[in-house]
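Next, two complexes with subunit A in common: one pairs it with subunit B, the other with subunit C.
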Partner chain A sequence: MMKQWIVALAGGMLSLAASAGEYNLTVDRVQIDTGDFVKEGIGYNGASPGPVLRLKEGEDVTINVTNNLDEMTSIHWHGLILPYQQDGVPGISYAGIKPGETFTYQFPIVQAGTYWFHSHSGFQEPNGAYGAIVIEPKGREPFRYDRDYVVQLTDKHPHSGDRIMRNLKMSADYYNRQQQTVGDFFAEADEKGFVATLEDRLMWGDMRMMKADIEDVQGFTALINGKGPEQNWTGLFEPGERIRLRFINSSAMTYFDIRIPGLEMTVVQADGNNVQPVNVDEFRIGVAETYDVIVRIKDEKAYTIFAESMGRSGFGRATLAPKPGMTAAVPEMREAPLLTMADMAGHMDHGGMDHGGMDHGGADQSDMGKAIMDHGSMNHGDMAGMDHSAMSMSGGDASDPFYAAGSGLMPKAANGGKFLSYADLKAQNPLYEHREATREIEMRLTGNMERYEWSINGVKYEDADPVVLQYGERVRFKFVNETMMTHPMHLHGMWSILDVGEGKWNPVKHVISVSPATTVYMETEVDAPGQWAFHCHLSYHAASGMFRKIVVEGGPDSEVAERTQKGQQGGES
Partner chain B sequence: MKHPYGKILIPFIAMVVASTAWAAGAHDGGHHDKKMEKPMVGQPGKAKNVDRTVAITMMDNYFEPESVSVKPGETIRFTVKNEGALVHEFNIATAAMHEAHQEEMQMMVEHGVIKGDRIDEQAMKMDMGDGHTMSHDHANSVLLEPGQSGEIIWKFSKPAELEFACNVPGHYQAGMYGDIEFK
Partner chain C sequence: MTRLTASLSAFSLAMATLVTPAMAQSDLAKKTQTAKSFWGVSAEKLEYRYSDADEELAVIEGGAFYGTDELKFHWLFAGEWEEAHNAWETLENQFVAQTPVSDFWDAKAGVRIDTPEGADRVYGVLGLTGLAPQWVEVDTNLYVSDEGDASIDLEAEYELLITNYWILSASLETLVALSEDREIGVGKGLNSTEVGLRLSYDLFERTFSPYVGVVHERKYSDTADLARDGGGSTEDWFAVIGARVMF
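Right after this comes the complex of A and B.
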């Protein structure tokens, strides 16, 4: 794949301090063979995933992107800090790339780490238009490893993105294969009693949600570096080596729980930024996140990289092996989790509930099911005035503060060991001086599952004004997830400093995953003028409205922000 | 950089060979092995016998240099400076001993003794329940806060598979170790 890259160093002089690299990418129709099905999709340089783009910090890159499709395209360099005109979002950064045209991106590489790139037009990304970016740091890596591999995941679906969106709009549970059946009802009734089971079902029915609504697009085949579980992508190693695995979740909709049975993983980087190393047995990777881990394999045997989807509707599988063809056992998927009442707590209109019947102070959210609620008055669009502080989800028996106490999504390591939490992430070298935020902006993550509409503060993208930030301020974003789905929120152009309560050590990310019924804070140093996209990175949530334009006013280049570029469609996912 | 504890050198607990704790069941964990006995690793050296000094710099999270050559019987003074932003350890032992020691370091983090960029001396004095505290006095390691310096004098014996390592959780795995090569 790398052969397709034309790398021209400035004047052919390797010794030049500031190097410049020129790269060519074509956007092509390709065949994607998952092992389960073959599907036409979109790729780069003739393949999906596209090539691994290996860059160097300090380099000035020129990337020529030629659109061989019969439709508009775009490439967004996910997680890269660059001038906004180079960010690749049609309608926000630029107009996009027309069929047959070549667009030349030019920007300096000012960071190191693992990132990725993808189309920001329509559903080209779920259709296969993604690739990896690996940036070598200027100085030495603060780690030691003998080799590294990109491990890029996706959730390839037999239906095209457009078709999936249409089906979801028609029936939000179209792809929910784990709906509970009549048989489940009687089994549960035997166990819990008929009335309790009936009440439980009625309550979930009234919320237009299913207990199994963890993944709204099931039926995919998980791919690792473009290979299905049977095709088994394999990375080779020599026994005794340390291997750096650069996990990238390029899925449209799917979170994965990743483990390598028999190996401990040391997490050293999250979203391209080094973190203080954490030894884990398993970790969850949200959509669009990256995690770099180092593993050391001493023996001459194969190990399975096992990536179960969070809702257990599919798994990715790859192998680390000392010799080609060697494999290790592939575990059974664990039982699918079910959402609990704790996960719907953020979803309820408190004004319409009988508060007397609910013990807000207690940590036992499961008792909430016994409360009498006025479902008829639940108004998803207008939830302003909710007292979120009264619904404290921390404490109790929660083992991870980034999930609602009693959440069905609370992760557990398969071997009973350590599961990475956001709370474990601490910056290795803080990028910014720690300071108080200048103001707070509340972003309620809202939606109507029945109509498959997703929004921020109850307003869809098409109806929303841009969020205006001032250059030089430090904004504290308060994400309040009032839905029962997990949303990976992605801000373009500026870093998202996740508040894990560690002050200057808070980790710097580009995607902040917000679990149901939780409130998560991130801070952003507003240091990039221009206009940027901000959205849920679940493709079909972004496309149906969970998206905002961010305008940064002022700054060194202040007039550019005023010149609003009109694309044909604003902010495609 | 000023630190509330001043210039402290904290020789460290642990899997040090000579420690009685080493033989105790709690630390046994299958790692106990004849090969790890003291003669192989070497022993604390005396200042008057120092043959030469080797300067080691701690960074986040690696050592400079990443290997040191020694001769059997040589006594070396290691002057260690932490130029990183995090707490680091310099510890001479076998890979297996380091591995066993990492479990104890994990415990120190869980008990708040090591807090990223500082060492909590009070927590370090806490009784671990078996009569030991977390602040044992052993000569094969130093634990340093950012900006601190320390030294250990070590007499090497027969050639052995030794590494110097930082056993703060995750640091060794990320690559904070160096090889001791016998010449």
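Right after this comes the complex of A and C.
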């Protein structure tokens, strides 16, 4: 039974590949059935999610993409290292793919791991245009598993991407149905006292900020491999097997907290790169990140893969089972978190200085958060060692250096066990020789929640000059999140080496999630000439301005890195 | 009606000339990777009012906008249809350009054309709209009419969330005239207040939210006298039923 299924799958793969290393994809209008609603969307080869592209490290791939839509399209190979003309961002890599046209991508596969692909045109990606990429390594992997599954998460919304963007611009809280109510006020007054509760509300009201501003777009159905919670995607196993689960968060806007009640997960890869294995009970996956975990299942029973959205407005559910049709209990979603003053550092400036005591408390806390992160930054040098032990908090501890101290978003494992922190991620094999960064570029993540405008250093993409990097340098990016939202920052074409204070063992990623009121550092070996995109991977944040063009000048192929506009050294001010 | 159509086409012409140059400057990536212009249509009030004096009114307040974060064009429409006279007691169209002046406030400027039953007026409008601390939505405007009369209106609204779907909104509208305009029943000083309390339910997302409520209208001093002279009332309580629409 299982074998037949595998044969069928392999057959499907063969038909996809016309010849070795050649793949065909069509971009189509499709129906997406979430179990809650049916919606027209965009997919690949007639389905959303599209096929899993199984590639091999070292092969040269040719991927023919035929656009069957009546509008322009594009495919971006998220996380893949390739020549910039193949990166698939209209206006930066190429012009895009016209209706009816077939564009042929050709590039060598120089990496292994779990990645994904998606449209970079308009809101096609939130509308369903995504698929998974699994790249088999050339050599042996440093971990064993008996079978693997892609677990691709998305947040399918009944509204189209254009509609969502428009509604957010009309009213930034359009989709927020977790705002604090009169009932919440009295419940809190019972607990903390009427005056304290009133003071708290007045303080937030004075700044016109909402504690419940965690998820911009609620009202989605979370899908796992295209199936809603009721449709229950199921991965089969035989007791005793080790199963590799390749989690990919292809959501437009939703962070998920993932657990499999009853099973410990061993995280072996983050964003396609091997990490030193960490056993966890739960982990948070930012938008566009990928995590590979291995679970070992001994019992002949079903387990639920439970993916709660960070703001607890929806959940994805799938099952691992020895036989089709078996299910396990589906946990209740936990209570929705609320932001705290610690998440508000950036708003102290315009919020007003006159709120007295409480505000100062908030500011102090967030400074503490920054202080902790600054330790991380100091560690990257040689003097590292000791600080790091103070930094990497062990499981069960409620603190995490990648959240502002006292943040309402601080994750906790449902079973009280270990929740993965960025601080736990250490590279298995460093990709690069560790060296001092040649310069630092500050990227303040900024925005105006009320107007639904998002920007970098206070400047929206449409008004910004490109950031110019020189081939061969090692740039240290300093992300300062001045907003109350979490931003998954994605640099195309080059790796993002996340500073967790581990020097050459710092993990290598393609998306760096930056929590409210924190400062996070990443470094990039500027080894890819050309023009690249850099943006927040929340679709509607990127579309409303949290986006930059990066130009890499010089390099072996210097003619490709033409400077289109004069940018300043060190990024825009 | 012809006047309205003419204004609308002038409005769209103005829009086209103002928006096009900005679009032409942006490169392809800025066009394909970001969403720049937006539009929306909404009606804050679409209601039937029944007064304690058996007066029946249909009231509409709404508008449409098109534009960017930096510059939006609004068409605002407000009217009161009086059942007994089969006529628009008030009917105004505003065409304004709106631009942010701070994190929470927008300035606007444009024209307002009043064409109710009776004398018409055209006004120049300068306004400020935005969100005051404690989530109070405020809209205030200075009008100068073609007769040279100036007036100021102020609207404030606060929404109390009973639940995330049941919303109680309190509103206050007031008009102060800096000079008298007898022909349209405007006296000098505080003219009128309208206080409303409406309980709505978001029935179909935020697109359609029916409500019930009460509205209290009052006219003051000279304006009240003018109303009395014209046989109208100076203070009314209304029961209202209607819907908020946004798409």
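FYI, the second predicted complex is superposed on the first by the 492 of 573 C-alpha atoms of A that agree within 3 Å, B and C clash if a C-alpha of one lies under 4 Å from a C-alpha of the other, contacts with A are read in each partner's own complex, and residues count from 1 in each chain.
The rule we apply is simple: a contact is a pair of C-beta atoms (placed from the backbone, for glycine too) under 8 Å apart; a residue touches a chain by one contact, two chains touch by 3 or more.
Remember, it's a predicted structure, so these values are computed and weren't measured experimentally.
By the touch criterion defined above, A:Y461 lies against subunit C but remains apart from subunit B after alignment on the C-alpha atoms of chain A. Note on subunit A: of its two partners subunit C and subunit B, the one contacting more of its residues is C.
Contact with neither subunit B nor subunit C is seen for A:L80 once the two complexes are overlaid on the shared chain.
In the overlay built on the shared chain, the residue A:M443 is in contact with neither subunit B nor subunit C. By the touch criterion defined above, A:I258 reaches neither subunit B nor subunit C. By the touch criterion stated above, A:I243 is placed in contact with neither subunit B nor subunit C. When the two structures are aligned on the shared chain, A:P277 is found in touch with subunit B, with no touch to subunit C. Overlaid on A, the two complexes show subunit B and subunit C touching no common residue of subunit A. On subunit B, the positions that touch subunit A within their shared complex are 59-62, 66, 85-86, 106, 116, 169-171, 173-177. Considering their complex, residues 72, 89-92, 95-96, 120-123, 162, 165-167, 169-171, 174, 177-183, 202, 205-208, 219, 350, 448, 450-451, 453, 460-462, 533, 535, 542-545, 547, 549, 564 of subunit A touch subunit C. Residues of subunit C touching subunit A in their complex: 26-36, 38-40, 42, 69, 100, 103-104, 131, 133-135, 160-165, 205-206, 246.
By the touch criterion stated above, subunit A contacts subunit B in their complex at residues 140, 142-145, 242, 264, 266-268, 276-279, 294, 296, 426, 428-429, 502, 505.
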